[in-house]
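What follows are several structures.
Two complexes are shown next, each including chain A; its partner changes from chain B in the first to chain C in the second.
So, the complex of A and B:
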């Protein structure tokens, strides 16, 4: 089964899946050919993507694309479902600390228009609901809630408020007006401690004043109480500590995977699969134990390829650091088609990759982790981490991918680009990627190509 | 020293008590006019605030976290080298002890910033006097709201936000104009011509519920007897009286609007918003559904003469309500 790394189209994966089955591939309950996600769920974008050919990648895609069914199944089995919105990485750790509870991000509807190539009409429906293209693609979440079908209605909706993007804040508020009650919790905008204030160290080398940590801890306490009430159990420190350890298990594996793929001279796994793998950190794709197994599989594959000196992307490819997730997954393929590779990322949830402190009281640790969110602090903090990681991984160029309509993109791209140019002097561009970027593919391709060429030209002769 | 405030929810009396001059940046007549929409989706008001603050190197600027755009405008100001700037963390929630603690500590932190800017530590008596004075002026403005001309009221409120003074707004000319509510984001001096255009079209603003209009006028102090702890009264006033579209949930805004829309007999709502302002823009359907009134979305852009399409829409809106 250990074929050399190759990119496969969906058609090619049909044959490969058949072959793997004949060779005795054993799949989890959600396994099967990728084709069915097109036929059954109308995820037409898959027909235009290139996938890694490993069984580990197959498992990853099947895991991702069955989340809705798995959530329905979990509910049928009596599990409680929590819709965690916006914080990307903290509330799910708490929810999964309780038995029979699952958290998912309705924000994930962000990618539905891409996957369904807008055949879902969610963006159009959002427009009729007053959310036009001046809002980011997360607006797809509103009709997804109203009309159902994309994810089950959660038993509890939780959303952070305060230092969050305007898009989400506005859309979540609209959701509440439409009759979906939300438990809002305050997330202050992170700042440096003033002189004379007690400073608390946060993951990612950041710090915040104690008063902010105290505030978030109290707010998470409120969230924990609501989760406990929903579960009919008290979410105590013992459970939370277990939950943190399990989340850290995911984060450690992901960190090893990122190091194996991003820091190596050549990439053992393609950018697209790595993007999906990173996403598992934020809510475990609704199944924490299985997400560990999926990541273990990917890590084993990447390490085995590295040992065999076989790579998905050649060592000659320009090393690109990528900022922000792409609204169209196809952009990740495109980058590799034109001779680039990912050597580091900031997909807006670096705080969900860092380990949650295990030597602090659990709520305190979670509060510190939540405050390390790159989106709640100053853009310069985010830029500084990007620059650090660019240096560490030898980035030759930087791409800030702009999310159409996103309130934060209006500003932070400029700051990140200027900061990077000033500090490390690598070529850097900002480009916008829409949920289905085919129409702008030519322009996108030539801009990326130019960047890759410049990056290569700068290599010492 | 002038201290420019970018949000009406940052109490000017706290600045004045430090011996500094608070100025609502939105009330500045020469707040830079920018081409709009700005290409990158940046809110023109937030960007104007950055540029205005930059051009006043001898002054200080206080930004707020009420929205992502303004929060990041502060980042941009710092990145562009602005040194005398402060970011005030306005909590989006108000119902919890944690939100109260954040707000209180931000007021204290602002106080320290003002001292660093050359202000003096206010005595409780001074603070109380400033609070009384501001409260009285707000009361006068609130009392005049109903009977004033649309533009006169906007100008009077802007004057208060600029220098704390009260100048009685001229009364509304008696006419059978259609009463409307103007709801939304900052309504700047450069926008006042829209009020003339509205009146010329046969409408009038019966309720100025823009952020810097009546919505920004907190009710006066309950008692004029000197409080034991004026700072605590100030803090509680801020906590209780901030009514913003950014709050979560934004139920306070709707509770505030409901009786006023009824008592002013508003027949329609003009929703005024800047390009890129998600928070206000997203409220259109909710305003429609909650109050059963027609809503016209009007983008804060050029003057009426420079936006003939929007002027037509406004005229047609008033016409249909006749």
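So, the complex of A and C:
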């Protein structure tokens, strides 16, 4: 089963899956050929992607693409479902601390227009609900809530407010107005402690005044109470501490995976699978235990390939640090097609990758982790971390990809580019990638190819 | 050894033959772009070879660049226009530190290091307002060619202010200005200024002198002047600006 790393089309995966089954591949209940996600769920974009050929990648894709079905099944089994919006990594840790409770990420519907090549009309439907194309594609979740057909309606909907992007606030407010009650919790904009203020260390090398940590801790306490009421149990520190340890198990595995793939001289796994893998950090793709198994499989595959000196991307590829997730998954394939590879990422949720402190009271630890969210602090904090990781992983160029309509910080991309140019002097570009980027593919390809050419041209002779 | 560079742009295809030993351009040619990009490029290539009195066997390599580079199947390799314009301009003007290239459907600002290596670049391919497409629209609306357009622009005494950054809506403004009796040269100069303003916004952080202007739009004298005013720095028009991309391709190692 340990074939040399190769990219496969969907057609090729059909054959490969058959072969793997004949060879005795054992799959989880959500396993099967990738083709069915096109036939049954109309995820047409899969027909235009190139996938890694490992069984571990197959499991990852099946895990991702069966999330809605698994959620419906969990509901049928009596599990409580929590829609955790915007915080990208904190409330899910709390929800999974309780038995028979799952958190999911309704905002994740922003990838649905890409996967379905807009065949679901979610974006158009959002427009009729007052959220036009000047808003982030996250607006796709609105008709998904209203008309169903995607994820089940959650038993509790939780969303952070305050220092979050304007787009998301507007979309979530509209959602509540349409009859979906939301438990809001306040997230202050992170700032440096003033002189005389007590400072608290946050994950990721950041700090914030104690008053902000106290505020978030109190807010999360309120969320915890609501989660407990939904579960009919008291969410105490023992459960929370267990939940934090389990979340950290995911984060440690992801850290090992990122180090194995990004920091190595050549990439053992492709950029596309790594993007999906990193996304598991946010809410464990609705199944924490299984996400650990999926990530363990990917890590084992990456380490095995590294040991065998077999890589998914040429060792000569230009080392690109990529900022923000792409609205069209195809862009990750494109980068590798033109001779680039990912050597580091900041997909907007680095706080969900950092370990949650285990030596603090659980709510205090979660408050500190939540405040480390790159989107609730100044863009310069985010830029500094990006530069640090670019240096550590030997990035030769930087890409900041923008999502059309997204506006959590209109000038953030420019700030990151300027910071990177000034501090490390690597070429850097900002790209806008729409949910289906086929029409802009020529221009996109030119920009990325030029960046790769420049990066290679700058290598010492 | 003779190398060929082909720049398959959105409006035209350009070819340059370069002698790497004598370090000189042997021939160049230009043809309109069309649907059958490879056939048009092949015909142009054959014509330029014939005019130069060279057989195909004398060409040691062909590099394609430009928007349609991937359509040129007879090229040995492809390189982006960013790299090629940088190499072409550096060969023509080694002191160049910034290149502004305004093409038919995009515009680019390229920052160069000592030695001509690209430091960074910025590119606009999402909005027609900073590209030759804007001028094409105006030329079509006024029923005149680019040369006449340029000539008119030079006669302007008080350029009109085109306030809209969208070409489609700017067209409405132009119609309005003409209906109000605004002199034609002032409207044309206003359009040139609007393009220059758009490009200067793109160029902002990159501008380091000397700045060289290249691409087909650089042939319009009024454009360089408009850019000088928008950027507050001297603008040098590259020699044979429409051929710098093809020249850079011919100079490239991949050939």
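The rule is simple: the second predicted complex is superposed on the first by the 460 of 461 C-alpha atoms of A that agree within 3 Å, B and C clash if a C-alpha of one lies under 4 Å from a C-alpha of the other, contacts with A are read in each partner's own complex, and residues count from 1 in each chain.
Here is the rule we go by: a residue touches a chain if its C-beta (ideal position, glycine included) is under 8 Å from a C-beta of that chain, and two chains touch if they have at least 3 such contacts.
Model, not experiment: these values are computed from the prediction.
Visitor: So in the superposed three-chain picture, is A:447 touching just chain B, just chain C, both, or none of them (first/second/both/neither)?
Guide: In the superposition, A:447 touches chain C alone.
Visitor: Answer with first, second, both or neither: which of chain B and chain C does A:182 touch in the superposed model?
Guide: A:182 sits against chain B, while chain C stays out of touch.
Visitor: In this superposed model, does chain C or chain B come into contact with more residues of chain A?
Guide: B
Visitor: Touching A:214, do we find chain B (first), chain C (second), both, or neither?
Guide: first
Visitor: Touching A:194, do we find chain B (first), chain C (second), both, or neither?
Guide: first
Visitor: So in the superposed three-chain picture, is A:418 touching just chain B, just chain C, both, or none of them (first/second/both/neither)?
Guide: The answer is both, since A:418 touches chain B and chain C.
Visitor: For A:164, select first, second, both or neither according to whether it touches chain B, chain C, the two together, or no partner.
Guide: Touch status of A:164: first partner only.
Visitor: With both complexes overlaid on chain A, does A:392 touch chain B (first), chain C (second), both or neither?
Guide: So A:392 meets neither chain B nor chain C here.
Visitor: Please write out, lowest number first, the residues of chain A touched by both chain B and chain C across the two complexes.
Guide: Looking at chain A, the two contact sets intersect at 418.
Visitor: Once bound in the complex, which stretches of chain A touch chain C?
Guide: Residue list for chain A touching chain C: 418, 421, 427-429, 432, 440, 442-443, 446-447, 449-450, 453-454, 457-458.
Visitor: Please name which positions on chain C make contact with chain A in the complex.
Guide: By the definition above, chain C touches chain A via 67, 79-83, 106, 117-123, 125-126, 205.
Visitor: Could you please specify the touching residues of chain A with respect to chain B in the complex?
Guide: My answer: residues 129-131, 134-135, 159, 161-167, 169-174, 176-177, 182, 184-186, 188-189, 191, 194, 211-212, 214-216, 218-219, 222, 378-380, 405-412, 414-415, 418-419.
Visitor: Quick one: which bits of chain B touch chain A in the complex? Just the residue numbers, please.
Guide: Against chain A, chain B makes touches at 40-43, 65, 67-69, 71-73, 75-76, 78-79, 87, 89, 91-93, 96-99, 101-102, 105, 109, 112, 246, 248-250, 275-279, 281-286, 289-290.
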